[in-house]
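Consider the two complexes below, in which subunit A is the common component and subunit B and subunit C are the respective partners.
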Partner chain A sequence: MRNPIEAKELSRTFGDLVAVDGINLSVAKGEVFGFLGPNGAGKSTAVRMLTTLLKPTSGQAWVAGHNVMSSAGAVRKRIGVALQDAAIDPLMTGNELLKLQSVLHGIPKRKARARCGELLETVGLTAAGDRRVGTYSGGMRRRLDLALSLVHEPEVLFLDEPTTGLDPTSRVALWDEVRKLNQEIGTTVFLTTQYLEEADQLAQRIAIIDEGRIVREGSPSVLKNQVGAPTLRVDVWEKDYNAAKATMAHFGEERPARKGRIAIGLNAGTRGITVVLKALEDKSIEVQHVELDEPSLDDVFADATGRRLEGGESA
Partner chain B sequence: MVRQPQSWAPSLFFPLLLAAVYSSQFSKAVNLPDFPYPDISFLDFILPACVIQGVLFGSTNSATDLAGDIENSFMDRLLSSPVSRPSILVARLASAFVYGLFQATILITIFYIFGADLAGGVPSALALMFITSLLSMAVGSFLIAVALRTGSQEVVNSLFPLIFVFIFISSAFFPVELMEGWYGAIAKWNPLTWVIDWTRGLTVEGFSWANFIKAVGIVTAIAVIGVTIAIGQLKKRLAAAS
Partner chain C sequence: MTNSYTVKGHSFLVGQAFVGRGLMRMRRLPSLMLPTIVMPIFFVVAFSGSFASVVALEGYGTDKAVNWMTAWAVLQGAAFSGLGGGGLTATDIENGFFDRLRTAPINPSVLLTGLVGYSICRAVIPTTAVLIVSFCFLGAEMPGGGLGFIMVYISAIGMAAFMSFFVLGIVFIFKSIKSLAIAQIVMFSTMFLSVGQAPLEAIEGWLNGVAEVNPISHVIRMCRQGFLGEVTWQQTQPGLIAMLCLIAGTAIWARICYRKVDI
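Coming up: the complex of A and B.
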């Protein structure tokens, strides 16, 4: 039995441009997998190949157990897709669009009606269901888009930049929907994003893609820990300063800190913090203030590419 | 469709306006010595052409919609669903046919109200409706091929004047017998002239199977060519994608 998403040396070129350059993927059942990368990294191209919309130049991919090229029809039946910038007819209502989508997926009318109602409720659009989509806010449209991709209860869900352009509140609301779906129904989710926080919050595992290549892959916390130990900063009373410094030296290398503060790179990672605090307490050293700074996914990206993602985030 | 009157209203209004202009301007033509149907009103003469013209104007709609779907990636939504690929084309052709039927019905009704006389009665009216709907689909299939090829509404819409040219260099509003020089020569070989002449035979002289079959035959031939090209373009687009 194959994993819900597998890719082997998947590539796509447009003329001279290599948009996706031999990526390997394996996403486990029930996982939320984040595909993080800057503008033009090749995220959408990868999604379009995995969802049978674009033919790979070389390589293979299997989605929901079927080959995307030789069994495209079988793949389409089992996947839900919310594409980046997929327009929806502004003159139709949310309800009508859901019904249309049900027809596309060959869902019998009676079943479709119940399902559409359920989905509107799931994404919090029950009240707006009979309004034309043209009157929806950006967040509502994305939520409708999500509902549309779910009418046929797909095994694998692809979301291409689902929250790009949304305000923080709508973004968090959409994250909640995706989490709920993943936890309650066990849908495998493949999600692309340019937002570090989104990948961090939502995905159990991520791949960082840059210029068509996967440059890092793993769980966000492991990736962050690989970049370097998190920085632990502790403030103590002046009288305890030297004792505290000696104690903390056992747990990691000293790092620069302002006067009166002790900072170390915590070798055991973020989890090591309790051990350090316990050791200080055993020495009767009173801790006044603690700070733990994890490396961010931006540090991971910078480590892999020599560039920062954060700057591009406002786009 | 009901929600977008701006998309279909012009294709009804325009031909009616033209019909009004032509019948007041050219109605003297009926009195010319070589006019093939001396006993009928000019309105009766141009009725089939007006219906055909209206339907042809409307035939771009289906293709424009399709190009729009490609532009705004609704097509991607379709293609990522298990919808059968040929049905994408069939649906568009069917919509061109149905839309043609809708327009033909309205136009004929309006002409009837304004006193046009259909020699063949109901059978001729039905024949006219069928032929024009089929023609809407036939011409639509060429435009659909362009839509599939370019995925651009702008390109599809830019073909609109071409339809105008085909109509004007045909027997639509003036008998070919009365045309002169190169104009007449082209008009004589314009397939639209044949369609219009045979269809006019049905409405002016009365229903005859011979004319009906000839008209349906030529329109079917146009449709076969158009649909074949459209199928080729659909395949090409799908091959580039999936």
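Coming up: the complex of A and C.
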């Protein structure tokens, strides 16, 4: 049985421009998969191919067990899509849009009425349901877009840059919705984003795409660990300094730190912190302050491409 | 977890939903309908007045210019309605709403039929408005009786359907509301290069040849016959054939062009 999302050597060109260059993907059931990359990297083109909106130039893809080219209709029945720039008719109300979406998906009237009310409540738009979407804020539109993509209880949900242009509060609220969907209903989520924090917060596994090619793939922590071990900094009383330094040396190589502080590169990754603290406690060393600095996904991106995603400067 | 719903008459319900959405937009944004209603009324008022004596020439078959011009104005309004249906799709493509429709599990033919259904419903409004103005204020007559009115509505609906399919094709290729200008040029050319304003006998040179072969001429004759006399099968048949061919041809054109949306 195929995974909910699979792609093999999937490519798309526009004239001479290679937007997506032979990507391979496999997203497991119930996974939140982040597709991270800068603008123009090929994220949206990949999503458009996976959601049957765009024909691949070459390669194959299967979504919810069906081929996106030969069984586009079957794929559409099983996916929910919230594309970049919430695609919503501003003259319609939230309720009307949800009803239209229900009709498009062939949901019986009575079931649709209940489902629409339920979804408006889920995304916190019950009070605004009868208002024209043109009067909604950016965050409200995104939430409605999310609700629209969920009307038919899709197996796989595609979110193309769902928080672009949102204020921090709305962004966090939308993240909560996505988490809830994934955890409570088990929806497989394919999320594209250019925000490192978003990928880090939401995705269990990510692929970094640059110039149409996947340059790194794995869980955020593994990818960050590949770049280098996180730095653990510990402050102890002066009398314990040498003992602490000797104890911590077993867990990673020493790193530069200010006077009175011990820093090591934690070989076991972030999970190793509890072991180090336990070892210090066993030797009756009182810890005054602990800090753990993980390599960021930006470091991963820089390591893979030689460029920074945030700020765009050279690494 | 996933529910694959199958409701009876899904295609019909989708078509109905598209028509409903279009009509709702018209209610909420009446300015959308203004050109569609005002222009044909302007045509029938201005042309009936300006060319009041032209009907004395051979070939008109009526002593009232309004009887001649009403059918033409009705079909102008219907063509504008078809254009409007395409315009809604162009707006949907530009703002991304069309992608939502395309990711829904519906057959493209159902999607196209729904969009054209909206244009057809839309065409009834200017048709009725022109008839009201012509009969109540300009003294139009319908010797063809009820059948004459039926012919007017059938022709208007056919014209709206054909024009809508044609415009959808243009919109799918260019994916922009600006492409409506191209559709407008074609619309005006086909309408003016026909027997819309004058009978074939009064048209000279190459215009006569074009008007004779222009299938719109047959549709206009079918629409107009009730204003000039009895409704006959001899007048109706060529009009119906022309109309059905135009609808079938443009429907195929729109379906082929639909594939261009994803490029």
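Throughout what follows, the second predicted complex is superposed on the first by the 309 of 315 C-alpha atoms of A that agree within 3 Å, B and C clash if a C-alpha of one lies under 4 Å from a C-alpha of the other, contacts with A are read in each partner's own complex, and residues count from 1 in each chain.
One rule holds in what follows: a residue touches a chain if its C-beta (ideal position, glycine included) is under 8 Å from a C-beta of that chain, and two chains touch if they have at least 3 such contacts.
Just so we're clear, the structure is a prediction, and the values are computed from it rather than from any experiment.
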item: Clash-or-fit label for the pair subunit B, subunit C on subunit A; value: clash
item: Partner chain in contact with A:Leu292 - subunit B first, subunit C second, else both or neither; value: neither
item: Touched partner set for A:Ala64, first subunit B, second subunit C, both or neither; value: second
item: Subunit B versus subunit C as contact partner of A:Gly73, first or second or both or neither; value: both
item: Superposition-derived comparison: subunit B or subunit C, residues of subunit A touched; value: C
item: Which superposed partner A:Thr51 touches (first subunit B, second subunit C, both, neither); value: both
item: Which superposed partner A:Leu83 touches (first subunit B, second subunit C, both, neither); value: both
item: Which of subunit B and subunit C A:Gly106 touches, first, second, both or neither; value: both
item: Contacts of A:Ala302 with subunit B and subunit C, given as first, second, both or neither; value: neither
item: Common interface residues of subunit A - those touching subunit B in one complex and subunit C in the other; value: 48, 51-55, 73, 76-77, 79, 81, 83, 85-89, 91, 101, 104-106, 148
item: Residue ranges of subunit C in contact with subunit A within the complex; value: 1-7, 10, 13-14, 16-17, 21, 24-25, 28-29, 92, 95-107, 262
item: Sites on subunit A touched by subunit C in the complex; value: 48, 51-55, 64, 73-74, 76-79, 81, 83-92, 96, 99-101, 103-108, 111, 132, 148, 152-155, 185-187
item: Residues of subunit A touching subunit B in the complex; value: 48, 51-55, 69, 72-73, 76-77, 79, 81, 83, 85-89, 91, 101, 104-106, 148
item: Residue numbers on subunit B that touch subunit A, as the complex places them; value: 3-4, 72-74, 76-83, 239-242
